[in-house]
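Consider the two complexes below, in which chain A is the common component and chain B and chain C are the respective partners.
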Partner chain A sequence: MNKNDRWAYTLMFSPGILIYFCFLLVPIFLLVYYSFYNWDGISPSYSFAGLSNYVEAFHDKAFGRALFVTMFITVVATLVVNILGIAFAVLLNKKGRMTNFYRSVFFFPLLLSTVSVGFIWKSILSYNGLLNNLIEQLGGERIEFFGDPNLAVLTITFLAIWQSTGFVIVIYLAGLQSIPLSLYEAVRIDGANRWQQFKHITFPMLAPAFTMSIIFMFTGSMREYDRVAVLTYGGPAGATETIAYQVVKVGFNANRLSYSASLAVYMLIIVSILAVSLTVYLRRREEKLL
Partner chain B sequence: MRKWFTMCMTLLILSSLLAACGGNSSGTKTNDPAKPADNGTKTTDTKDVEIVFQSWITPNLTVAYYDSLINRFESENPGIKVKRIQPPANEGNPDSYLKSLLASGDFPDVVQNATIQMFVDADALLEIPIDDDIKKINNYEAEMINGKLYNISAIRQPQSLIFYNKKLFAEAGIESTPKTWAELEAAAEKLKAKGITPLLTAGDWTAGFTFSVMTSPDIYKDNKNWYADRFDNKVKFTDPNWIESATYYTNLVKNGYFNKGVLSIDYTAVEQEFLKGNGAMYPMGSWFSAAEANSKKDFEVGVFATPTKDGTQYLLGGENSGGYAVAKMSNHPEAALKFAKFMMLDPEAHKGILQADALFSNLKEPLKWDMSPLQTEIYELLLKNPPMVGHMNNKVGRVPVSGIQDQYNKVAQNILLGDTDVAKNMQSLDEYWDKNNK
Partner chain C sequence: MRNERGSNIRHIFLIPLSLLLLIPFYIAVINAFKTREDILANPFSMSIGNLTLDNFLRSAVTPSFNIFKAYWTSILITSVSVVLLILLCSMMSFVFARVQNRFLSICYLLLLSGLMIPPQVILIPLVKVLAKLGLMFTPQGLILYNIGFYVPFTVFIFVGFIRTLSRELDESAKIDGASQLTIFWRILFPLLRPATASAVIFLSLWIWNDFVNPVIILGSTKSYTVTTGIFQAVGQYSTNWEDVFALVVLASAPIFVLYLFMQKQFIAGLTEGSLKG
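After this line comes the complex of A and B, so read on.
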């Protein structure tokens, strides 16, 4: 690399690095800094609090519940979205008159904002909503999709799955199209049926797409906020509060910015450890399979 | 040449990015926590100035309402321009939006509907001088903090009201509106026996609001400084009076007087349920009367104060709360103060805000507006009422700890989920208070 190239690279890298520094590293540093203080986010003064916010968060039952809800939504949504994503991608990976239409239909929910989708589903699933009116007309009992604590968590998980599946399908479709057809021809000659083709060719060859989809879904679901804010406001009685929702609620409603910063740092640590572990594991899996 | 070109481009991109990261420095001074702002007593020229006004947009208080008043103010005060801004979303109050503006040094010159105590604690608001204009307001001392006034408001907003469907009351043979807890329970029982849903509420903030307006009047009628006393640990939510009041509310739930699926509907939906005639009583604030006046229905709506144990009427609500406040760091405090006074005290502006949000004038010479029959009933209830105190997250002697409304919601939702352990639920309010009183 000569001197001129170095300047050219500097020019190209600097905007990205500066944006990354200003909008990611500096806020993370400030987050950690404020978590060691007692600041309400608005007063001119604040005092050093040491680890007290972290100790309090460790014993906070509401935070424990939020962690459980977040992990439940993350694990279930990540698994189900990827199973559905692979299944639909395989079904849509063929030439047909309606294939593009079906691809568009599956991808469409992702184009809508989470907030808009939340309001649409709210009008469908509320106690007086379209679905309950239909159930009643068919002679059934109305269902409390948002009023029952367990059902409310499942409803939010279902909506996360509904909205994310389309994106994962696209990732898997791209992965499927990179698999050489000669591999299928070879195993067909050896007498492999469709399931064996999927098990021994398709699924292993999808490993890079699988890694990307799992990490995308995992990190996205761990930040679940919008659907909770629109559909249940964390209720009933805090049953659907996720960590991200609680961070915002504690920071802005209770005006405990430092405490909410400590919750966010916990979240950052948990997500980082799990995401890095998952990535390492899935990369090793890719190396074994490919 | 190439080297110089590359260097110039790098500098250009870096400077553009730095410029984009910077805030707008016009209007107000930066609020640096390390450097508290000065006392705001600067004198400035009120000619050729621009002030920034944070407006509060609701379905009732529209952009058109504000813009017409701003146009009139500007024509009556040449040299003062008003730039109107608004929060990106209606979250119940503009506090989060204002906090971010304060942090970025863009705090508006005039703010509306903010939680005054919070921004006084942040040293962000200007003390309003008590002059002849302010003395036109009844009970203006009610909102003072440490003997100083920081907001201009001359409105009364009763909140502990129960709206009722006169047709359903007649069907159930209820001849007079309940004044005591026992009378309300008897009325609910009669309605239930007729297959009518006695009480309506919803699962969002409405749950906590309903719990608060049906329990608090009995406590605050005897102690109008309850939150101040709670800060001093003189009273607790687990005191016998609160336990008794919460038990009364829990029994209403236990007896099945509330609507089915209550936790699966929200404020907008429950309002429609009442207006469709699907429930007999709807605890809500006076703002509901604005929606009622615009609705089509085949029954009349009446109103009564939420009952107390002994039948003493005591309405809770806003007494000169909210309104307009001026930034301490404003570069044009005189112009900003003039605008804030205009928005609340100018007869046309005052009448406009009252009518739009079904509020009542708290001027010494109160302004009347075209009230619906229901609004006239509320007005008559108010005439019989002493000055109100707030409830839930509003001032009762002092503003409570931040976010207490979330815990009220949790308690109310727990009760609606069937958790009838009153002592445990009320203790959770004390625990929230102690934990967040920092």
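After this line comes the complex of A and C, so read on.
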């Protein structure tokens, strides 16, 4: 590498890495630093607190519940979306004008902001919403989709599933269309039925799409924030708070910056460990299958 | 090849799913043009004679919210962030793909670890950084944050793509005496188009639809994007569904129009980009 090359490379490389450093890595270091102090975010003085924030967070019932709600939404939404995604992609896997139409329709919900979509659903499902008005007109009793703690979590999970299923179908469809037809012909000669074809060819060959869809759903659900903010504000009585919602709420509204930093560090550790092990597992699975 | 009967049965599953996905949008659009009495009386149908634009006229511009200001802020923040991300990250990725040394490997590992950081985690310390730099409550602050946050994803897409391009391309240009910068912009960058298209679509959607970051970084009163703007505007009159519908339609219209004209590019960009990544 000559001197000119070195200059050119430095010039091309530095601005991006500098911005990444200042606005992503520095905040992470600051986050860890804050979590060991007792700072409300405003006053000029603060003192070292050791691990006390972490100990408090560990015994914090609200944080435990938020972690449970987040894991519930993540596991249920990831599983349901992927099962529906594969099933509908297999149904859809045919060339033709209707296929293109379905694909365009399925794709659409994901393009809009969770906030806009959340407001539409809020107007339909809330206590004074359109669906409940209809139920009452028909002589039924209004349903507390967002007012009942358990039902509210289920409703948010349903909406997460509703908004992502179409996108995942299209991902699996792209995966299906890359499977060579000759593979099917080979096993059909051996007399394999539809289910056996799916089990031995379709599902294993979908491994890259499977990895992508699982990771997409997992990372998205673990940082669930927008729906909670739009639909329930974390209520009733904190029942729908996710960890992402709680980190922001405690940090900005309750003025306990250092404590919120320790919650954020917990969140970072949990998300990283799960995401890394999930990715490693799914990649190994791909290598084995393909 | 599957038989004809099988292909017709699939519509029995696919049509209900399509309806389930479309009905909420149908409800939002038709009710945005109806009076409140009309919405409450028959929420799922519309009669042409009773349609009104009042909901839009009333809620698009109010003393505290102006949809045109929101459009402008969102367009500005999205376009500047995406253009800068593409420029900076494509160059960075060229260096990552073409030069190997320990410093770059460490940087690449640091970048990849940024892929899984949830945005809410860094918001609190980020606010302190932006405040120190005098960038809190400014579009510049949000743009710099967007760039920092999406560098990992964008580099990830570009590096994967550049590695598939032959080195002979740059080496033959090198013999002609071109500098690395010229080689990249003249020869490689045009070849990156599929990766660029994917990255542009992903980044534009994410940044345009982003909620938590603009709410915190821009604040809520002085400056707002489409997403944070309608969140504030709806918050004030939470059960006036006719205004909510009008605002949601106004907020979603730009994306809907773009999607109508560029469906193929959207679907190809988002699916191929994700499968290769």
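The rule is simple: the second predicted complex is superposed on the first by the 268 of 290 C-alpha atoms of A that agree within 3 Å, B and C clash if a C-alpha of one lies under 4 Å from a C-alpha of the other, contacts with A are read in each partner's own complex, and residues count from 1 in each chain.
Operating definition for what follows: a contact is a pair of C-beta atoms (placed from the backbone, for glycine too) under 8 Å apart; a residue touches a chain by one contact, two chains touch by 3 or more.
Values in this document were obtained by computation on a predicted structure and should not be read as measured data.
Asks: I'd like to know which partner A:Asn82 touches here: chain B for first, chain C for second, both or neither.
Replies: After superposing on A, A:Asn82 lies clear of both chain B and chain C.
Asks: So in the superposed three-chain picture, is A:Ser262 touching just chain B, just chain C, both, or none of them (first/second/both/neither)?
Replies: neither
Asks: After superposition on the shared chain, which partner residues are touched by A:Thr202: those of chain B (first), chain C (second), both, or neither?
Replies: A:Thr202 contacts neither chain B nor chain C.
Asks: Looking at the overlay, what does A:Glu144 touch: chain B (first), chain C (second), both, or neither?
Replies: Touch partner of A:Glu144: chain B, not chain C.
Asks: Looking only at chain A, is it chain B or chain C that touches more of its residues?
Replies: Per-residue touch count on chain A favours C.
Asks: Per the contact definition in the header, classify A:Gly166: touching chain B only (first), chain C only (second), both, or neither.
Replies: second
Asks: Looking at the overlay, what does A:Ala254 touch: chain B (first), chain C (second), both, or neither?
Replies: After superposition on chain A, A:Ala254 lies in contact with chain B alone.
Asks: Given the touch rule stated above, what does A:Pro236 touch, chain B (first), chain C (second), both, or neither?
Replies: A:Pro236 sits against chain B, while chain C stays out of touch.
Asks: Applying the document's definition of touch, where does A:Tyr46 land relative to chain B and chain C: first, second, both, or neither?
Replies: It touches chain B, and chain C stays clear.
Asks: In the superposed arrangement, which partner chain does A:Asn38 touch: chain B (first), chain C (second), both, or neither?
Replies: first
Asks: Both chain B and chain C contact which residues of chain A?
Replies: 4, 8, 11, 15, 19, 22, 41, 122, 126, 128, 252
Asks: Residues of chain C touching chain A in their complex?
Replies: 2, 7, 10-11, 13-14, 17-18, 20-22, 24-25, 27-28, 31, 39-40, 43-44, 88-89, 91-92, 94-95, 99, 107, 110-111, 113-114, 116-126, 128-129, 144-145, 147-149, 151-152, 155, 179-181, 184, 205, 208-212, 216, 226-227, 230-231, 234, 239, 241, 244-245, 247-248, 251-252, 255-256, 259, 263, 266-267, 270-272, 274-275, 277
Asks: Residue numbers of chain A touching chain B in their complex, please.
Replies: 3-4, 7-8, 10-11, 14-15, 18-19, 22, 38, 40-46, 56, 122, 125-128, 132, 142, 144-149, 233, 235-238, 249-250, 252-256
Asks: Contact residues on chain A for chain C in the complex?
Replies: For this pair, the touching residues of chain A are 1, 4-5, 8-9, 11-13, 15-17, 19-20, 22-28, 30-31, 34, 41, 88, 91-92, 94, 98, 102-109, 111-117, 119-124, 126, 128-130, 133-134, 162, 165-167, 170-171, 173-175, 208-209, 212, 216, 219, 222-223, 225-226, 229-230, 244-245, 247-248, 251-252, 257, 260-261, 264-265, 267-268, 271-272, 275-276.
Asks: Quick one: in the complex, what on chain B touches chain A?
Replies: Per the touch definition, chain B meets chain A at residues 2-3, 6-7, 9-10, 13-14, 17, 21, 31, 33-34, 36, 95-96, 99, 102-103, 118-119, 121-124, 203-205, 207, 260-266, 269, 273, 401-403, 405-406, 409-410, 413-414, 416-417, 419, 435-436, 438.
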